[in-house]
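Common to both upcoming complexes is chain A, partnered first by chain B, then by chain C.
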Partner chain A sequence: MATKASRTAARIMMAPAVILLLGWMLVPLIMTLWFSFRNYLPLRGGDLGFAGFDNYARFFSSSAFWPAVGATMIIVIGTLIITVTLGVLLALLLDQPMWGQGIVRILVIAPFFVMPTVSALVWKNMFLDSVNGLFAHVARFFGAAPVEWMIQAPLSSIILIVSWQWLPFATLILLTAIQSLDSEQLEAAEIDGAPKVKRFWYIIVPHLGRSITVVILIQTIFLLSIFAEIYVTTAGAFGSKTLTYLIFQRVLESQNVGLGSAGGVFAIILANIVAIFLMRIVGKNLDS
Partner chain B sequence: MGRITLDKVEKRFGDVQVIPPLDLTIEEGEFVVFVGPSGCGKSTLLRLIAGLEDVSGGQIRIDGNDATMIPPAKRGLAMVFQSYALYPHMSVRKNIAFPLKMAGMDKAEQDRRIDNAAKILNLTDYIDRKPGQLSGGQRQRVAIGRAIVREPAAFLFDEPLSNLDAALRVGMRLEITELHSRLKTTMIYVTHDQVEAMTMADKIVVLRAGHIEQVGSPLELYRRPRNLFVAGFIGSPKMNLIAGAEAAKHNATTIGIRPEHMGVSKTEGMWKGRVGVSEHLGSDTFFYVHDTGLTDGITVRVPGEFDLKSGDTVYLTPDMTHLHKFDDKGLRIE
Partner chain C sequence: MARSITNKQKTINTAFAWGIGLIIFFPILWTILTSFKSEADAIAFPPKFLFFDWTLENYAVVQERSDYMRFLWNSIIIAGGSTLLGILIAVPAAWSMAFVPSRRTKDILMWMLSTKMLPAVGVLYPMYLIFIKMGLLDTRIGLVIVLMLINLPIIIWMLYTYFKEIPAEILEAARMDGASLGKEIIYVLTPMAIPGIASTILLNVILAWNEAFWTLNLTAAKAAPLTAFIASYSSPEGLFYAKLSAASTMAIAPILIMGWFSQKQLVRGLTFGAVK
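Let's look at the complex of A and B:
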């Protein structure tokens, strides 16, 4: 199959795509790196020359930096915990034979098709709104004062919305993993005297380990960069400013491209640390 | 320990009756083989005994106690699956320890039993490996080890050798038989391979479409098959079944003669035919004889080597003391 000629042909034919993708990645990356060392203020004089590491120093020493890192971590970890836990349970439930299985499964996936901006707005206005929201109506029905979700619990609200969006993804991947479990293993465990709960912990969870790491890896990469959900709900107020949002504010609201780019470079490094860390776990899991 | 009685046990899936009411007693220490073609309900029957399927009617008694409603774990039975069903994320030691751990046995006793099982099954060298790093035969032994350590009332085997290659299968067949003679525990073994059934069983249960066709020792089944189905199923190569005028001479609807119970001659004999395919195994020679006017083809087995080529004329003489006669319902005539 793979003769020398065919390998060469394959390389030539792949080259355009590879070069395009590489360019697509490298040009913005290099531009970000370049700007992060420039004093670039578009509305206040434009490019004012090299700034050395000033942008980095200012970004890290800003009082908004550590809270932003904290908010990012809380949102990512909170969403991961919710989606993985509920995803496993939902996958177990959907794996049971039931009437209308096909339709139920499509309905479960549905939230994934809704655009982040739209779902965040729907949640904000129809569920979490303290006057007209469904939750407020329920609270009033029981005689309680409606919660001002966006003000009193901004991070929880965002975690709720983002979890709702990503739960279908986790469920879908975990469902296929559960379906690939050899039923004889469960029967063997049953005969070996493991009750349902123990079968879950000793057989199903280890079997899902690989898929759970994949879900965590993919979701972490996407969750580090959530933006629309914050933009349309709290707009970064009440301590809900994530790293991504902070960079956005530095570049567009403060009109400081250099400072924002320095933050961007930090975000790239952070994402890569997370990715390497997770890749190693995944690699370990994929080996066995 | 280890006497299993099935009393009018029945299984239906919806409206489909897979196993009609069936009675069977498996004595303590017996090696019983359920054999039959695919889809005959032999695996279902085993799963009913294991408790993995609920019976639709009747009663299963283990050592005289009604076990029909007892969950699988509490029946005191151990099962070896066709796919081995080893836990892939656990080492061999942990796999074998799993049932003991679930039973809450103390660590020292666990280790004693595991080491003992590993020694019996020659697993000591791989005890810390994962199932993925083992060969088929080794995985099979781990699965058996996991069953042994529980010291069950009976072992249930569900086609355990069908995933192994032919040479390994013969080896494992011996090992399981030796294990039985050492442990003297009741074993129920499901297979579709009648050679496995013949070589391993104390008692064979031949099943067809959920019905028990015949129960008996391997040689009983070989010598006196109760009906045409058993006659055709037990024995390799298959018994030659001849219907029509030749059978009528013996006052039967069908007569059967095994390939090894016929004399072969180039010059004279009862039935004349022409050699089709011949298979020379060295120890035996099989001829497929055509144009006898009796049936499509007659298989005959000659010990050692015999010089006949395709197309040669051949004369066959059945040994009348080994002739099986069957009536119009397919039942044996004595």
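Let's look at the complex of A and C:
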């Protein structure tokens, strides 16, 4: 059906989107790369010339680098473990026959639609606050001393908040996957006398395998760059400074653009490593 | 799964699922309830669930003290504007990839998706600099453009998958009857694609409404949307739980309602067809 004229028309119609995305991708990226090799301090003299790999060396050897890598990994891995485990269980539960299934689904999905600044501040103040938070009330009710969550356990607090935001996403995608499972296979296994646990491990889990991979990859990409949840709770204090937050501070707060850009290049490479795996799965699906 | 099940089992499932659903929903419910309390009731111990003096005062105070309407308006302009602009650019692109595919279509789609993987913080300073140089810092138009660009890959992907479901024969028939390309798109394709376009708009308004990296970093007083307005509660003065709750409830209510309608599109839009 594709005539020569329609091909030309197709190209013209794609042009705006392609040009915009190309510009959006290349211009800032090249600028970041350029800055990462410059000694660029906008508030202290501006661009002070070529810096070689100094910015990279300083970024990786700074005392803040490894703690930031650690905090990032704890938040990402902690959130992934919680959301994927609970997501599988919740999806299995929601797949069972029950009354009011639609309403329960709505209740479970709701946190995903709450803007990050709201969920972070509501959790921080109304639940985790050591004086007036609900958790402190409960602790006092049982005679325990309230925990200063944001100071004593900032990473756990952030994992809690972020898991609450992302559990709906994992649940919804895994539920979609479970519902596409061929029920005859399960029934056959049941008739053959396979116990419930075995049916779960040998039929449901392998079927969910790819969806779980997709959930992990997509969430990792988003979790690597969580920002608002830290910005409004600890502002990077008490050991909750992630790589994203560290780079933000270098670039905008201390205005050491060269140093921050070297970190930015690192963050881009890191995200791309995860993205390659995700793209491979998406690409395979596009073929079929 | 269509299996016979006893009523007892169903009752247990129901109780269990409702319990967990309510626990997950509780922070939102608690926020909504607290927004109707006085500040004293909001921190009362033991906590008051339903038996308190219901008041609308917090909503009035939030509007009065901080000009809530301005932030709401900014959110509407930024989320709505970026989505509509994105749709205008994405419809022709998705159309041509779905109906006039070439050898490179798949590569282009994959490349577009890859731009979505770019971590925002990696290009924070360049964007900041470009915004200053072009006078876009703290303007709504600047944010409309940035949010349009970050969501454009998702919009194109969603539209592409919806367009793919429309049988090409129908378009061919229209062409045989002498419809021009423009007419074909307006009179044949668009009516069939409206549900898909509507879902795409819905999901992207939600994503843009809740975006909290660029909206926090590229706005100050003038163009700040609700995400930035709520963030101003991170340095509180005095009792503020009820006011925080009222502001939060107003900020999330429209999106919660829209979100409930877009559950199915969520999977399609955020997994790029990797889960079906």
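Definition applied: the second predicted complex is superposed on the first by the 268 of 288 C-alpha atoms of A that agree within 3 Å, B and C clash if a C-alpha of one lies under 4 Å from a C-alpha of the other, contacts with A are read in each partner's own complex, and residues count from 1 in each chain.
By definition in this document, a residue touches a chain if its C-beta (ideal position, glycine included) is under 8 Å from a C-beta of that chain, and two chains touch if they have at least 3 such contacts.
Model, not experiment: these values are computed from the prediction.
Under the clash rule set out above, the superposition-derived model of chain A with chain B and chain C shows the two partners fitting side by side.
Touch criterion met: A:Met115 reaches chain C, while chain B stays clear of it. Of the two partner chains placed by the overlay, chain B and chain C both lie in contact with A:Glu187. Touched residues of chain A were counted for both chain B and chain C, and C has more of them. Aligning the two complexes via chain A yields an angle of 80° at the C-alpha centre of chain A, spanning the centres of chain B and chain C, rounded to a multiple of 10. Of the two partner chains placed around the shared chain by superposition, neither chain B nor chain C is touched by A:Arg44.
Legend: residue contacts after superposition of the two complexes on their common chain; A:Tyr202 is shown touching chain B, with no touch to chain C.
Once both complexes are placed on a shared chain A, the shortest Cα to Cα gap between chain B and chain C comes to 6 Å.
Of the residues of chain A, those at positions 187 touch chain B in one of the two structures and chain C in the other. Contact residues on chain A toward chain C in their complex (touch as defined above): 1-2, 6-7, 9-11, 13-14, 16-18, 20-21, 24-25, 27-29, 31-32, 35, 90, 93-101, 103-119, 121-123, 125-127, 132, 134, 137, 140-141, 164, 167-169, 172-173, 176-177, 180, 183, 186-187, 210-211, 214, 218, 221, 224-225, 227-228, 231-233, 235, 244, 247-248, 251-252, 257, 260-261, 264-265, 267-268, 270-272, 274-275, 278-279, 281-283, 285-287. On chain C, the positions that touch chain A within their shared complex are 1-3, 5, 10, 13-14, 16-18, 20-22, 24-25, 27-28, 30-31, 34, 43, 45-47, 89-90, 92-93, 95-97, 99-102, 106, 108-115, 117-130, 149, 152-153, 156, 168, 172, 181, 206, 209-210, 212-213, 216-217, 226-228, 230-231, 233-234, 236, 240-241, 244-245, 248, 251-252, 255-256, 258-260, 263, 266-267, 270-276. Here chain B touches chain A in the complex through residues 50-52, 71-74, 77-79, 81-83, 85-89, 98-99, 102-103, 130, 132, 146, 150, going by the rule given at the top.
Within the complex formed with chain B, the chain A residues making contact are 182, 184-185, 187-195, 198, 202-203, 206-207, 209, 288.
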